[in-house]
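There are two complexes below, and they share subunit A, which is joined by subunit B in the first and by subunit C in the second.
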Partner chain A sequence: MFKYILSRIGAMLLTLFLIMSLSFMVVRLMPMSLFENPETDPEIQRKLEDKYHLNDTIPVQYFYFMKDIITDLNFGISVKIRPGLDVFGILVSRLPPTILINFISLFISIPLGLIFGTIAALNRNTWIDHVISVLVIIFISVPSFIFGSVLQYTLTFALPIFPTLYDSQAVTFAQKMHSLCLPIVALSLNPTATITRYLRGELIENISSEYLLLARTKGLTKAQAIVRHAFRNSLIPISNTLIGMITGIMGGSLVIEKMFAIPGEGGLLVKSIFAGDHFLTVAVLIFYSAVSLVTILIVDLSYGIIDPRVRVGGGKA
Partner chain B sequence: MAETMKKDVILSVRDLRVSFRAYGGLVQAVRGVSFDLYRGETLAIVGESGSGKSVSIKAVMGILANNAIIESGEILYDGKDLTKVKEEDFHEIRGHRIGLIFQDPLSALNPIMKIGKQITEVLRLKKGVSKAEAKEKALELMRVVGIPDVEQRFEQYPFQFSGGMRQRIVIAIALAGDPEILICDEPTTALDVTVQAKILEQINQIKKDRNLSVIFITHDLGVVANMADRVNVMYAGKIVETGTSEEIFFEPAHPYTWALLSSMPDLQTKDRLNAIPGTPPNMIFPPKGDAFAPRNACALKIDHEKEPPMFKITETHAAATWLLHPMAADSHVEMPASLKARIERMKRSGGLNG
Partner chain C sequence: MIYDRNNLPEELLNLPASDFEALYQEDIKDEKFQTKPVGFFKDAAIRLTKSKVSIIAFIIIGIIIILAVVVPPLSPYGFNDQNISAKYLPPKMPIVEKLGIMDGTRVLKNRKVSGLSDTDRYPEGSIIEYFNVVTAKGQEMCDVRVDAYMLAGMPDGEYHWFGTDYLGRDLLTRLFKGARISLLIAFFSVLTNVFIGVVYGAISGYYGGKVDIILTHFAEVLDGMPYIVVTILFMILFGSGMVSIILALTITGWIGTSRLIRAQFYRFKGREYVLAARTLGVPDRTLIFRHILPNCVGPLITRAMIAIPGAIFSESFLAYLGLGIKPPNPSIGVLLSDGQSVLLQYPYQTVFPAILISVLMIAFNLFSNGLRDALDPTKRGEE
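Entry: the complex of A and B
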């Protein structure tokens, strides 16, 4: 098990390294000079060029770039969006709203998905199941920004219950949440539907399994058998869908943040790409990759912990 | 054996009819089955695949699939008609009064729950036994069914067990509720022959030790000889012949029983296996008359037209075939000569268990 964890972490670090290299290459090779702004003081420009070895060859730049990040989390400084400021600092300052909406979406959609999935499975082939299934198809196939605009139109313009945009003046948590409601709802629909769909399928399969029949013939009530056997066993494959869900939510939040003017990482990424603020772009990209990789790692490891066939079976996954 | 026993009926199935809603229509899986289980006996139900054996006992356990309809009949146990017991109350009977051992031990255990917990679960939940006590009892049961290293095995998962071991665990689970009736649905079909023999022996031993009444389902008549006091032969959803083991093996009366016995491999003479020709009927449109007639070379004309009733041969022996009707006496249909010879040999070599 220990070896399994180590190999997982090793694989994750390797992937992160590759992603960093790749994003460095891609962004740096894009045809946009870092210093198009004619007003930049030539003196400062020279200093920056010195500091980041911008006049050296790309491989040398790459070496210093990696070294700075690994030794002291130095991703460089922003040149366009917040000229002169440390990129890592900008990243950190943008974190709270992104974390807030992403996590809340996740924590809403998991229990909701489990509840609806269970209801659908237990009422299989009744109208309840059919209604849930239709909603699931809609919520899975339509991207979150469409729901974002629909919600924005109906609940802020036609029926003004919520503010159209994020309220950066909000002081109390309640005020903040009020202006974050719509983006969170827009982001939660898809993952909720995903979990509902998977759990329904898994539960139906497990409920009709032989071992559930055994659980009943040995004297458990139907409810006991379903909760203790079918439901528990359905959660294992479900945990795998978490990866897709989390990356899905983050991807959705790129657009949703822009749409509701939420000052988070998503908006930052979009802006920095358009402005050609390469250091910033690379930093945000790496941030997103790191979060996905850690998610995958956690899910993988917990899969190993909850599934005895992986845990006891000895490191195969 | 059965004759010497006090005839105390513990479970009585009366004219049970079970159908399934399916795409092509109603599958009439069980078409009027009646039998009694006496206290302390082993009753075998024998028949080809699809004859309705599992469906009959699933009705007894109240675990029929959702598309099943109990068309008629009653299952009398302990003063109750089990066909009328509600799902909410049935768990009082399952496991605690009537235990079931499954056909397929490989998929019957929860793959991600520890073996020990799967045995203790019922004790903890339903009998309110303390954790330590439940474990003690589970370890004891594991020893009873012949598991070595019980302490260590208790903490393991099904995938760490062989097929035979899993079936032993399934038996231990069935015994955990301390039932008085044990139903074994082809408990050894999925296992290889040596393991099969050991497990059958174990079931026999447990039956004696715990004074259980056993319904033993199989399609292998060879197994029945060593296990059963009485035998019901089932075909196409009906019991076509019933009798003591001796009667079924030495004086079979129904052509289907003849065919089943002839298809039994004979180790002594290395006789060629006479597989039963044809296939069981489609139970959406069960045949008129004797359901076995289409596969029976020497079927009478009436077999194709009218369903035979049960003809009583002795107090314990009856068969549903027109051959037993007085008017069929001049039809001269008899059991195949090869079967007759084999039965003679078996009788000479010292009876069923010899």
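Entry: the complex of A and C
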């Protein structure tokens, strides 16, 4: 097991390294000088370029780029959006709303998906199942930003229940949640539908399996058999979809944050792309990569908790 | 008496045929096959056509593709014909306009009642009704429903079915031109992904050993890179445009396909028929493409079909981030993100692309689900 964890972490670091190298290419190999400005005194310009090692050869620049990030999380400075400010500082200051909506969406959609999936599986081929299946197809197919637009128009403009944009003056948690409601709903629909679909399929397969019949024969009630055996076994493949779901929510939140003017990482990323502030873009992207890599790692390692077979096998290794 | 089989006496070897007599006189009455054999793909086709949902989805996809091909050249407006005086016109469609929707009217809020008779601002007949009259600061204010086409001085018989955008471009033409571009991006990116995936997976699965270990690890590392991050980085690096979108969607898109193909090759390369072919001296190339690859066609088709809505989604996602297709070319995503910025004032600009992309995605998902069930060999012959 220890060896397995190590190899996973190794692969993860290698991936992160690749992303950072790619980021370096984006930042330094773009055909533009970061400080090009005809009004700048050439002397000052030269000093600026010296300070950021822009006059060194590419490999040396690469070395400094990597060293700065690894040793003191220095991603450079913002050039366009908040000129002169440290990119990492901006990144951290934008963190809370993003974490809030991503986590809440995830923690709403998992239980909801499990509930709906179970309901659909237990009422197989009845109207309840059909309604859920139709909704699932719609929510899986239609992108979250469409739901964002629809919700924004109907529930903030036509029927003004929620504020149209994020209320940056909100002080209390309730106020904040009120203005974050719609983005969270828009983000949760797709993952909820994904879990519902998978759980329905898995549960139906497990309910008609022979080991469940055995469980019933040995005297468990139907509810006991389903909860203890079928449900538990159905969770194993679902934890696999969790990775895709989390990256999906994060991707969706990029657009949704822009749509509802939430001052989070997504909005920052979009703004920096539009403004051409590549240091900032790269920092946000590396942040996103780190989060998703850690997620993959956690999901991989948490197999053992859900699936006892992995746990036993892990003990021997 | 017992004869040695290899040393039969002469008289036994040369027995005349007339000495023998058939024990059974009648013919063997085996029935001939009345039906044609049903092959894998025929069976899949039969099962696919039996599923109503798949058929409907297929028809919808077909209609949208036909519209995307036919509408832009047939439309009286070019997709980039700008007409500043016709900007922000609401949708107006013949026949439907009589129902009270899409009739080219718009409500202007808080106008002075006294100003309504000014024919310079409101040409004759452009005001349809006014309501909500309130008096504020001694001025009578009201909301006016106007014929936006007359207000903009459009000649009679001018119809923009889906309205116009901020440059007065016809949105119907732009929408289907955009659908064409989005679909092209989707098809080509999926095609590239399948091609790379097949070659990579085939090499990795067929040769195995060290080659396989290296290739698999490389794919694994690449696969760990979040798809969004890689796509955005590549789009920044290459600049916006159709080719770079297709490339960006290919960077990590092929890994799933290659994994599938590799697994299939591992399953089939040890089979007797492959060994037999190899014994007969069939070269690797033929073994890979002629003998093993056809086994993967079913899952491959399914996978490609599922990937298409994903690519359409990614394209519009990139457009939202400002990394879409180069203007003035439209794509569904570009139209959506343009519409989003004026959503509250001109919702019609978002409605039509939103409906189109939703219908397209749902149809593709339903069709690929049907296809997956039809091509699933474990469900074969169930009907």
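The rule is short, and it goes like this: the second predicted complex is superposed on the first by the 286 of 317 C-alpha atoms of A that agree within 3 Å, B and C clash if a C-alpha of one lies under 4 Å from a C-alpha of the other, contacts with A are read in each partner's own complex, and residues count from 1 in each chain.
To be clear about the criterion, a contact is a pair of C-beta atoms (placed from the backbone, for glycine too) under 8 Å apart; a residue touches a chain by one contact, two chains touch by 3 or more.
Fair warning: this is a prediction, and the values are worked out from it, not measured in the lab.
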item	value
Fit or clash - subunit C, subunit B, common subunit A	fit
First (subunit B), second (subunit C), both or neither touched by A:272	neither
Partner chain in contact with A:78 - subunit B first, subunit C second, else both or neither	neither
Partner chain in contact with A:233 - subunit B first, subunit C second, else both or neither	first
Touching partner for A:150 - first (subunit B), second (subunit C), both, neither	second
First, second, both or neither for A:188, with subunit B first and subunit C second	neither
Partner chain in contact with A:241 - subunit B first, subunit C second, else both or neither	neither
Touching partner for A:98 - first (subunit B), second (subunit C), both, neither	neither
First, second, both or neither for A:138, with subunit B first and subunit C second	second
Subunit B or subunit C, by number of subunit A residues touched	C
Minimum distance between Cα atoms of subunit B and subunit C in the superposition (Å)	8
Residues of subunit A at both interfaces, subunit B in one complex, subunit C in the other	none
Residue numbers on subunit C that touch subunit A, as the complex places them	217, 220-222, 224-230, 232-233, 236-237, 309, 313, 316-317, 320-323, 336, 339-340, 343-344, 347, 350, 354, 357-358, 361-362, 364-366
Residues of subunit A touching subunit C in the complex	11-12, 14-15, 18-19, 22-23, 25-26, 29-30, 137-138, 140-143, 145-146, 149-150, 152-153, 157, 164, 247, 250-251, 254-255, 258-259, 269-270, 273-274, 278, 281-282, 285-286, 288-289, 292-293, 296
Complex contact set, residues of subunit B against subunit A	61, 63, 87-88, 91-92, 94-96, 99-100, 102, 104, 107-114, 121-122, 125-126, 156-157, 159-160, 170, 173-174, 176-177
Subunit A to subunit B touching residues, read off their complex	209-211, 213-222, 224, 228-229, 232-233, 236, 306-309, 312-313
